[in-house]
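Next come the structures, one after another.
Shared chain: subunit A. Partners: subunit B in the first complex, subunit C in the second.
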Partner chain A sequence: MDIKYIDPFIQATNHVFNELFNIKPEVGKPFIMDKNQEHGWDVSAIIGIAGETKGAVVLSFPSELAHNLTSRLTGKPVPSPDEDVVDTIGEVVNIVAGNAKKGLEEYRLMISLPSIVTGRNHKIVWPGKNAPIISIPFQSELGAFSLSVVLENIIG
Partner chain B sequence: MADLFHTIRNLWRNITTSGAGELLTMERRRRIVFLNSINLIGMLILFIFSTNRYLGGDINTAIADMVACSILLFTFIYMRARKKFVFASYMIVSSVFLLFSFLLYDGGGDMSSSLWIQTYPLVAIFILGLRPGLIISTIYLAGACCIIFIPEAAKIAYGFNFGLRIVGSYMLVFMFAIFYESARRETQGKLEKLSADLLAAKKQTDSILANVKEGIFLLDNGLRMGSEYSKELERIFGTTEIEAVPFMKLLEGKTKQKVLSAVNDYLEMFFKPAMNIELLEEINPLDRIELHFKDSGAGFMTRHLEFTFTPVSREEGKVNILGTVKDVTDEVELANKLKAQETRTKKQMEQLFRIINVGPDMLTEFILDSEVEVENVNKLLKSDEKNYASIIDSMYQSVHAIKGNAILLGMTGFSRKLHSIEDELNAIKEKDLSWNDLLHQTIRLTEIKNEINDIKDLIKKVLSFQTDNRLQKIENKDLLLNAVQRTIDVMSREMGKTIKLVAEKFDSRMITAKQRKVVKDILIQLTRNALSHGIEHPDQRKALAKDDSGTIVVSSAIHDGKLTITYRDDGQGLNLQKIKNKARAIETFKNMDLDTMPEQKLLSLIFHPRFSTAAETTLSAGRGIGLNLIKSKIEQSGGNLKVRSARGKFCEFVITLPLQ
Partner chain C sequence: MRILVVDDSRIMRNIIKNTLMYLHQPDDEYLEAADGVEALDLLLKNQVDLVLLDWNMPKLNGLELVKKLRAMEQFQNLPIIMITSEAAKYNVIEAIKEGVNDYLVKPVSERGLLAKIKRVFPNL
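== the complex of A and B ==
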């Protein structure tokens, strides 16, 4: 894992939340996440990474934040049914991934389209056997969310 | 209108192919169609003529025609039902034979029979084929000659000249029929042979394309895939939709856009006139490329492919491109795996050596201790602690602790890595800590976790060879003193000193499980200090009339509900002058009056962070955090640390801990 791969995603997250929602999220201290522990999130978007490093970047949200974001985007104050929320999160993370791609241009990396997983404490199948996962918590006026990363080096 | 036409056409086709099974050759089918057509037309004509004759009063001819007509009808139905073509054809030819013989005899209306019989060779040869047709036509000719030339044989008199003309034109038709049929048969034969050869050749080509382990394909001048390509291509690209697909579309989304445009430009070059083939081969951007295919989940499957491209000239000056692609994923991944394996094996060998030397239970304790340290740092990261500097400090202490143990166990690789992390942590302590710095160190923490996991796996493997699970049997007593003894062993070798450990009055059972780690850390740090600066070299000791080997005495006791551990070495003791000098150099103490300070206070200065009187930082000592760390750990546990010393004689630490 190297900070040069993670940084574009953090920048992209900040940028997208700024532009789309007019929110400036505060980034908290990163820590090592226990993949077996209940994470407490309701929606996760998984972005696959391949190339000179392999792994995944996952953005996780609680359902309340997801609903709030959807409301802000669609302009409807009422919490929307689940498909709308899933679509919205998918779109948002898609844009984040697209933004991050620019920052990763100089590295030999491919980013996949995000896959969405929902359900309280849904199980995410993390790539890389027992590789430690770094979790970066974000705090925003609409709620907390997290960006988790697991990346392994290919050679050596 | 078109529908009606179609219906009629289909009906006609149906009727004329009556009796033709699926498996007949083209030759046969043609004959059958001819036969059926003759049948239908013949039936029609005969029916009309029969009626005509009947109305004209010529009963005999009418009956003959009708009979022939019914025979044709019967044959038609028979062939449709039974599909017995050969029988049907002979039936037809024979009945026509008889009919024409009768007509010849009868004369027909106005000698029209002579016209009818001209058609016989055609009927016979085309329906029955060359040889049978030839034979029957000749027989008929013989019969016809008899009827025509033998006087009184026929009902009417043909006359010699007319008869000759009849026979003449019959033979002409006969000859032409033979020529035509032979020529047709020869052509047919050649055509079939050609088809068969072509089919055999195509079968071979198909067999090659289906089995070759490379993707082979052709691109037209629009860079679209051709219809003929090898099956391997479908496997490589994971789709059967290849024909007419633009080549660039196949690569879309599997590599970077920059690469795709380069490939497109490259391939366009093939269509420029006067291109240099060797040059083109050299600048092929696809001669080794990594393509990422989306797999069923959110992940990628990576394939390493090697492409080659060659221009192929087609007619009208058009150029196509012949492409090949080879899947070398296995080879590349194998090479990578081997390289990775080499590095890993080297590391594992070192670790395995350690395990064998040190013992799995000692290593297990090391693992457990190190995991606790990592978890402590992680807890801080997860907590609300806003002061980054304190987190970095804490991480430093933990890394230092793990490093110490690693050195003890002789893990040079790991301890070197930890030392470099310590250097990093030290460097950033001096400046304003950014969030990025924290992320950096968190990544380092995961690297430490990885190393620990590796050792854990290795231990598991080793333990699986042993019958009893020694993980359970970690005994307090042996390990504590063992740790101290090991430190002594390792460092005395390093420093060239000899040390004796006296621990008879030390009872590990007095120490609770919770306190175990703290006590161990303390004893080890004190031992390190004793060996680094406390105890003198054997020569020095001799000069001072001391024993060659230094002695370290460790003892424990319980007084007034408190646990007391005493650690005493008979080395050079603490140098008060050195302490004073060092203190003068440190900001905090500059203002204090060091000369008048009582001895006890001076001695307690050594517990201050950054207060190390060692000359430089080595892997084993220095950095001055050791004693400070110990004191804070003891105080956190609710205890106390005191030091007593006599210059040149001894140095004694007394640790007091509350009984749990």
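== the complex of A and C ==
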């Protein structure tokens, strides 16, 4: 596994959580995720990557953390409506993917608009039949979340 | 000053507007659009002094809007600051080439945004 291409996404995630939420998450050990295995997350924000490679960046959360992040961003202590949660985590994954491009400038990449999938153990349609999904666990003061990245023909 | 904030995230538009409150310009007025089509419509109907523009949006993205605006005589000198997650140098260069006045990478800090606005409006 070449961490060189994963590192920009980890750095971007740390930066975004620090700047937007004043959270300094701890990064766990990356592993190759089995796409058929249940992951246990409630909500994922997905950005597709196109251009000189195909891929995806996914941030997955338990719903409580997604709501808490939204409340922190909106400044509203009450549970946030779903519309705000979708807006928040969509924007977070958008910023992570866009910021990570700075560390991958040897490839000309384009990012899609975010999409959100909800439901315990929701299915994600991953690009690339055989490309490995690299998953990085994060732990924060508000709970655990996960960053997963696929970059066809670059990672793996 | 009338400022148009264009971003498909309502929460991000609010963050940008709240940040701008630090300028303490009591006469400032804000317009909002969630995509390039809405923004163009507002620009054609209102006198706007500054556009704060996201890149990745549905319908018409920020870069496509800049190209359209710079091709229209009445918008050739309209100040536009792009505020986007797109951090790659080739994106910055592309946006500047198409005519944005300045470029700011999200997440936006108060200091960063105000510095960019003061570069465009030195007398503020």
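The rule is simple: the second predicted complex is superposed on the first by the 147 of 156 C-alpha atoms of A that agree within 3 Å, B and C clash if a C-alpha of one lies under 4 Å from a C-alpha of the other, contacts with A are read in each partner's own complex, and residues count from 1 in each chain.
Rule of thumb we're sticking to: a residue touches a chain if its C-beta (ideal position, glycine included) is under 8 Å from a C-beta of that chain, and two chains touch if they have at least 3 such contacts.
Model, not experiment: these values are computed from the prediction.
**Q** Applying the document's definition of touch, where does A:3 land relative to subunit B and subunit C: first, second, both, or neither?
**A** A:3 contacts subunit B only, not subunit C.
**Q** Looking at the overlay, does A:50 come into contact with subunit B only (first), subunit C only (second), both, or neither?
**A** In the superposition, A:50 touches subunit B alone.
**Q** Using the touch definition from the top, say if A:32 reaches subunit B (first), subunit C (second), both or neither.
**A** first
**Q** Looking at the overlay, what does A:84 touch: subunit B (first), subunit C (second), both, or neither?
**A** In the superposed model, A:84 contacts subunit C only, not subunit B.
**Q** Touching A:132, do we find subunit B (first), subunit C (second), both, or neither?
**A** In the superposition, A:132 touches subunit B alone.
**Q** Figure out whether A:108 sits in contact with subunit B (first) or subunit C (second), or with both, or with neither.
**A** Touch status of A:108: both partners.
**Q** Show which residues of subunit A both subunit B and subunit C reach, each in its own complex.
**A** On subunit A, the overlap between the subunit B and subunit C contacts is residues 105, 108, 113.
**Q** What does subunit A use to touch subunit C in their complex?
**A** 15-16, 19-20, 70, 73-74, 84, 87-88, 90-91, 94-102, 104-105, 108-109, 111, 113
**Q** Which residues, counting only subunit A, touch subunit B once they are in their complex?
**A** Touching subunit B from subunit A are residues 1-3, 6-7, 27, 29-32, 46-51, 54, 56, 105, 108, 110, 112-115, 125, 127, 130-132, 134, 136, 154-156.
**Q** Which residues of subunit B touch subunit A in the complex?
**A** Touching subunit A from subunit B are residues 254-256, 290, 292, 294, 297-300, 302, 336, 339-340, 343, 374, 378, 381-382, 385, 388, 391, 435-436, 438-440, 442-443, 445-446, 449-450, 453.
**Q** Please name which positions on subunit C make contact with subunit A in the complex.
**A** Residues 8-12, 14-15, 56-58, 84-91, 105-107, 109 of subunit C touch subunit A in their complex.
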